[in-house]
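Chain nomenclature is as follows: A, B and C, assigned in order of appearance, with residue numbering initiated at 1 for each chain independently.
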């Protein structure tokens, strides 16, 4: 294991029972939300996890956070497998892996003051000796996220803040315990465009100055392209491509990635391109296709793709991985 | 993003939009119903407490009773007459309050305690505990309350404690269900998730996060449970099942009923006790109902609220704010389909100054052209769109300016004429197809409805519906299905098909793809683009996504704070933006083709319509703002072609262009 | 397929509830102090033969259930007793044969008495409900449509006041002035001792006796339905599909008819079912005040006269009726709501 890998995920699975029989409570069918994800998160990097709705990215974050018990797989953090740890040991880990949620209007308790919200993790872990010390640390966290003067914010309530400010508070709560890993679930998608860049730049600067690794989940490839060092594309519970951002964008290997890149609208009228529209919509995670899970919609599917589930293999440049049987034969450069 | 209603609600009913903050106090301050109910209750409690001092007679005193004293009508000695034993009705009435209130209070306490405990455990712990508890609750819920209470009281010794306990254990099911669903909903909110993610214990989560948000609902529920408890107590007393030594109102009515008050014509023995019950129960219900309205506020006006009077006939220039109609050269040879000049939209509510949601918007839409209306929350783009169709909630309308659809002035049109125009000339595609379609009618049915409204004698509707669905790529069998059986993208396509049912001239699309994935979005945009070319439709596309605008729009209207910041052809806007907001917005917008470019945030947030800055709307956030910008609203300047900008700096011609490098695109 | 599953689930739930009620009914009369079941047998109103017959038929000398001799005071017994030879199973067996015991007061089988009364209750409650539903739904819909106007506030306040009135009191007041000023009958279902020339006159007599009780019920139930319908309708009218309908150019009336009412009616079905307990409570009170010979009156009478078999039987019948009405409402709902039907 290379020393710069902070979080190592191997073949993680999270399946939910689909339906319960009336009497016996037994399941029929499984929702395979996360279905064999393998990913490395490196030190102080910002890794963007891109995928559409239903691909399992949010479930993945919840599982990593310990809020959901994985069905199978390993997650190695600080040289121990945190899957299936006891609650007490997991609590110690939790100080170092924190999460930022999507909805700024929902992620703060409306009956608490900002100061209490930010100081809560300290109280839970018994870290600061008294209320004043907690307040001081909360102030520091607020300043770190750009809410100044921090003292003025301590006694405000969430509804008095704007969306962008609330999201900053959410980041402050995540920071106050001094984590090593930050899991961000679409932190800007509910904010106005002019405000988003502020939060994104904040996350970026945090990881540079404090060496925090950020796993940034989003459905917006453009955002990911701007701030991520590496980008991972997720489809139906599996990572189908991962690599350094410039390379994945310049030379995507997986047909899904290629299609995704081609349909993202670009704010430049002179660059209208022909989107490669995929037929249909992503299937339900209950009905994962046999073989390559993408083959029903793939424009270049082979016969073999119907039977064989492609593993994530190295393709091209450094650390560029893709799960496609056609990866051996190059698909040609992206125009 | 806050919905349109949230904006108007905040303005019209003031204060914080977050309804969870301090609801009880807010309720009692603003809510007359709750206050009145509280007044009724407190007066009853006061009367009961002070009974010894305000009752004219002593209730326990043995009286020398003669025949005249029985059922004596109201007189100076007895304001409410006497009952069958010659006792003063008024005295009994006042003392009777004690029993009713005591039973009501304690019984409801028991009910709420049991229900609250069960609901909390079921909602918080879930799993088998929840299943078992809820099944039990459902079973007990079905068993009718009063018969069960009668049986229980009848089989035990009649007495006050018994009655309290029985009513208490019969009435907890409503509370249990309420508490469970609220606990469940709070438990799923993100801040609880975070607390768990931080490692907070269950106890901490319950106490600090769940209870504060469940307690207000429990408080309201307690009041309502109390009203039911008092009613139940009075009924049980009336049936003779209560402690006969305690005079309660029900007991008085029992005496009246069984001892011939009715045949004696003694209405004074009949009416006051019941009136007492009504007094107290009404107090509880008013209080409960009033409080509930605060906790679950419903939008005050709905879509069918009484139509506002038609707007003033002609264009009025706004408060010293000269606008220039654009004479400009035509964009293309195509005829102008929608001509908007100086349109302003206000929201008015009695007692409040009008809210200026949109001010002085002008643009021209030609046949076959797609105009993108871009902006962030609160900029008024959706308001503008809805105002053109006159679909705003009560109080919102165009107050000045002209809107001409193929020459006809829409602003001055009567409501009936307007209704005939809707869908036939101007159709809408809303953002969320799931909520914009009636869930209990088939899709085909709803499309047919649109056709039949404007062509009542149309034939072969079925075929036309099929054709429309086919045009957007939906198979023929689907018209008999319900919206929930469609996938998200399909639903949106169905909405587009429905919008085209009457071959409108203009199609308004309000963020049609915002809620969809990028792949599905591409499909929808493709359909839209294709159709407008094939059918020569003019489209007004409201969106916040600059990428979408660049992809398919011909012209762009950038809105900020209710005014037009910039209006231009798409090429001119993206490559030669003249307004600082446009420029900054482009810099803040991620571009997949230039991932290395820095994303620059604009400090602050977009203004809300009830807190607009005095000068230029963008001045507080503008990097180039001068003192003039802060004080004075800029006028609209026409640049070449139909490029319009509302900015002081353009005028001097030295501003935007030279101070910053024009935003060049490869 | 899922619809069938839904229906089966609901039917199963109803059966389970009925089972619970049966068990509750049985133990209630044995748990409570005085063991009314056993005590009542020595009721002096019963003839010697009846006492012996009851003793035998209900096995009152037998253990309550396998392992428990008596419930109150608790006395445990042997577990080797034949489980089918206990009071509980005798009770179940009798129940399945339609035998609910013999009324102490009237010395006739309870089942017979109840059969006579059920119809009367259904007549009264049915009329009241139907009227109240029609008026309540209409008024509630109008109040919601004209939200925040005088009509709305009037309907709201009026309903709250009417809802706050105890049903029996309203009944007494209406009876008092109704009989004085309008000459309406003072109670009962028919004029006692009267003979009628033809069946039509007999029916009219009943109708005359129904006026006040139905009016009483209607007023109280209308209040409930207005409140519920108003809330539901307000929610529906704020939905986006109403805006779509308006955007299509449909008139207000058309929108109300084709979109709002149908959608609002759906939750009403469920809520009416949930409120059946309230309905029953009202019916009991009305029957008592107006001496209407129905199930409610039966319950009251049996309480007053300590006629425990009758009380037990009436309670059982009432509870089971409510359970099945709930089931019917669930089934109806599943057919009306296409989301359940086609899920």
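In this section, contacts are C-beta pairs under 8 Å (C-beta built on N, C-alpha and C of every residue); 3 or more make two chains touch, one makes a residue touch a chain.
The structure presented is a predicted model; accordingly, all values stated were derived computationally and were not measured.
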Innermost chain, taking as reference the mean of every protein Cα atom displayed: B
Chain at maximum distance from chain C, centres defined as averaged CA atoms: A
Distance from the mean Cα position of chain C to that of chain A, given in whole angstrom: 55
Geometric centre distance via CA averages, chain B-chain A, whole Å: 33
Between chain C and chain B, distance of the C-alpha-averaged centres to the nearest whole Å: 36
Residues of chain B that touch chain C when the two form their complex: 5, 135, 138-139, 141-148, 150-152, 154-157, 227, 231, 234-235, 238-241, 250, 253, 256-257, 262, 265, 267, 270-271, 273-274, 277-278, 281-282, 285-286, 289, 298-306, 389, 391, 419-424, 427-428, 430, 432, 435-442, 449-450, 453-454, 481-482, 484-485
Touch list for chain A against partner chain B, complex: 52-53, 62, 65-67, 90-91, 94-95, 98-99, 101-103, 106-112, 117, 120-121, 124-125, 157-160, 162-164, 173, 177, 190, 192-198, 200-201, 219-223, 225-227, 245-246, 249, 259-261, 263-272, 275, 277-278, 281-282
Of all residues in chain B, those that touch chain A in their complex: 1, 16-18, 20-21, 189-191, 193-201, 204, 208-209, 212-213, 376-377, 487-490, 517-523, 525-526, 544-551, 570-571, 574-575, 584-586, 588-593, 595, 597, 599-603, 605-606, 621, 665
Partner chain B, residues of chain C touching it in the complex: 13, 16-17, 20-21, 24, 28-29, 32-34, 36, 144-149, 160-161, 163-170, 172-173, 175-176, 180, 231, 234-235, 237-252, 254-256, 258-260, 262-263, 266, 274, 276-278, 280-281, 284-285, 288-289, 299-300, 303-304, 311, 314-315, 318-319, 322-323, 326, 336-339, 342-343
